[in-house]
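Consider the two complexes below, in which chain A is the common component and chain B and chain C are the respective partners.
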Partner chain A sequence: MSKEKALVEKIERKFGVKGKAERKRIWINIRKENMIDLCRYLKELGFEHLSAISVTDFIKRGKYELVYVVWSYHDNIAIIVKSEIEREKPVISSVTEIWKESAQIHERELHELFGVEFEGNADLSELFLENWKESPPFRKDFNWREYVGKKYYYKQDEKEKIYLEAGI
Partner chain B sequence: MSHENVKERELFFGPAHPGSGNFCVKLMVDGEKVLSARADPGYLHRGFEKLMEYRDTMQNAVLSDRICVFEPLAWNLVHAEAVDGLMGVDVPERASYIRVIMAELSRIQSHLIWYGGMSMGIGFDTGFKMAFGYRDYILDIFELITGGRVYPAGYICPGGVRKDMPDTAREKILDVLKRIDEIKMLEKFENPTLLPRLKNVGVLELKDTIRLGATGFVMRASGMRTDVRKDDSYEVYDQLDFDIPIQNDGDAYSRFLVGIREIEESIKIIRQALDELPKGRLKPIKPKLSTKIPEGEIYIRNEVARGEAAMHMVSDGTGSPYRCKIRGPSFLHMIPVLEYLLKGVQIADVPAIYWSLNPCPADMDR
Partner chain C sequence: MKEELKLKRLVKSIWVFNWFNSCGVTELLPMVGSRWDMERFGMILVDSPRHADCLIIGGYQTEKSMVRVKRIYEQMPEPRVVVALGSCTMSGGMYWDSYNTIKKLEDYMPVDLYIPGCPPRPEAVFQGVYEIMKENGGVKDE
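Now for the complex of A and B:
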């Protein structure tokens, strides 16, 4: 049995979840209540490098999917943990106590771009944007064409209007 | 407020500092000593992750050039692999070899920019001029093969590469590699200038690297033997023979040395890849309209010159990705790592530490 298979079965037994093993990748879906426990367990197993945190906005289902990618320098496997939260009230516990500063900065970025609240993250101040008052810009329902048009084109150059109206 | 009582001052390193690029670090200083540092990114935030949701694969291949200004071909490769993986395409072996050759050439020229930037930051102008001069030879190869000197406009695209290498490319590459070797002669000027400025400056211990999210050459300079090309091999890297150079001190000089050794390793890889390049002629890939990406998701990791690059792509079966998360190595190196390293140093050491992390504001902000 491959290393990935053995590992995914171990996690499945412990947390009662369904996982998928591929070459060097393991995908796991888990309820958000058990997410922190799983993350702690993975850290103990040696998955100490947090490669990325991402959010996918499933607007039709009204859900945000949080994606945590962790890497083990010992086993050379990446585990991708996915957990769904409500889109309208996106709150989830922070993983800063597990993966420290590297988690902190990823969460700060996602708070700004998607508006996710990470409970327990001390610093969620603005990162890339400055004095942003609109809805978080990476949400699927943020109309960037309208925003750019209103903010930059209409006022400055009448000719620019054509790009906006053509919807390019 | 009386000016006599002011002890701490805020000093902006960037975004208009000649050595900083489009990035700013706010330093709280007391005299010459830096008390704390806070990174202020965002000057190059173009929102690629969002832009890609509105474009088809071929447009995204061109867009992926711009993720990192210094190594467009490496990011081309990350994007192309993500789409290939989702589509289940088997890339022709010859195309795979060409991808590796281009990615390694890109790594060398990126390291030369780093060498130049670092030399400029600490006042070693000879190194700056030499490195940028030698980089130009590689840009000539890029022009010959891709048509663009800096931006290849999606040369490495889903399915392989846009067009095969011209017949003259092999000789030209070998000739340029011989010249790049000449940069070793700089060693005899290097030591008196670089050593005192870089040795024991900005020390990052191994125990702190993982916590801060450091990857790539930063970890290797702290004594960890790790490389995505070996650990999570992609393309044909598992068939090529190369070493992972490491250093144990974790200071700016170690990072610099790792960079120099990596240039040598890349040269080794390119020579092998050229020898083992399968015969034949690749068909050019033309942009096709309405290419659908099958439903699914994928996580791709690559080793670019700056560390671990990754892309998480989710597709819902349309022509554009539903979500495309880009992980830039500089995002971690320039915010948590830099803030940590700058605490308590002298102002004069700031450019040396900053450049020793091989920063790219473009892949930090994305």
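Now for the complex of A and C:
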């Protein structure tokens, strides 16, 4: 049995989830309540590098899907942990206590762009956007063309607004 | 003597401070290197805006970086010149419908010269700087 198959079975038995293992990659879907326990367990197993956290906005289902990509230098295996949270009330516990600084910057970014609240993160201040008062810009229901028109074209570039209207 | 054969003399060298936050800087690097070598025209990159005559703004600016640009601009001594590089500074370029980038730089700060192109050739930058020197009495007929 390959190393990743053995690992995914170990995780499946411990957390009662369904995983998939293939060519040095492991995919695991887990409920958000157990997510932090799984992350803690992965850190103990030697997955010390958090490569990325990303959010996908599934607007029709009303869900955000959070994807954590963690990597083990010892085993050369990547584990992709997926967890779904409510879109209207996006709250999940922070992994900064586990992966420290590398988690901090990702969570700060996602808080700004998607409005996800990471409970336990000490600093969720603004990163790229300053004085942003609209809804988070990467949400799919944020109408950015309308916002751009209101902010730039109808105020400053009157003669160029035809391009914006043609785009809509 | 025919007009175009007259030699031109530079009476002032231009010291440049760069402010880039997009692909502009990688496209302008050949200008500093040996092939186009901007130092033969007396142009030097300086580390502080307090020593600079010319501020080259490359590429799009965002709401956030505009605050920093204004701060740099205010530190520069008079007379100062602002050169905006590339099509992003004129119309937003490929970010024309982005929520966060500035569309026209001149709505936010004084701009003396736009150099079009995506990116502009180094020759175009030299020509732009030459025009500015001529405008400000930096070039004399010999």
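By our rule, the second predicted complex is superposed on the first by the 167 of 168 C-alpha atoms of A that agree within 3 Å, B and C clash if a C-alpha of one lies under 4 Å from a C-alpha of the other, contacts with A are read in each partner's own complex, and residues count from 1 in each chain.
The definition used in the following text is that a contact is a pair of C-beta atoms (placed from the backbone, for glycine too) under 8 Å apart; a residue touches a chain by one contact, two chains touch by 3 or more.
The shown structure was predicted, so the numbers you read here are calculated from the model rather than taken from an experiment.
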item: Touching partner for A:79 - first (chain B), second (chain C), both, neither; value: neither
item: Which of chain B and chain C A:38 touches, first, second, both or neither; value: neither
item: Contacts of A:152 with chain B and chain C, given as first, second, both or neither; value: second
item: In the superposition, chain B vs chain C on chain A residues touched; value: B
item: First, second, both or neither for A:144, with chain B first and chain C second; value: both
item: Which of chain B and chain C A:129 touches, first, second, both or neither; value: both
item: Chain B versus chain C as contact partner of A:105, first or second or both or neither; value: first
item: Common interface residues of chain A - those touching chain B in one complex and chain C in the other; value: 128-130, 137, 144
item: Chain C-facing residues of chain A, complex; value: 128-131, 137, 144-145, 147-148, 151-153, 156-157, 160, 163-164, 167
item: Residue numbers on chain A that touch chain B, as the complex places them; value: 24-25, 48-52, 54, 56-57, 67, 69, 71, 73, 76, 78, 80, 99-102, 104-105, 109, 127-130, 137-138, 144
item: In the complex, chain B residues that touch chain A; value: 41-42, 45, 47, 49-50, 210-213, 215, 224, 226, 231-232, 299, 301, 308, 310, 312, 314, 322-323, 325, 327, 331-332, 335-336, 340, 365
item: Chain A partner contacts - residues on chain C that touch it in the complex; value: 62-64, 67, 91-92, 96-100, 103-104, 107
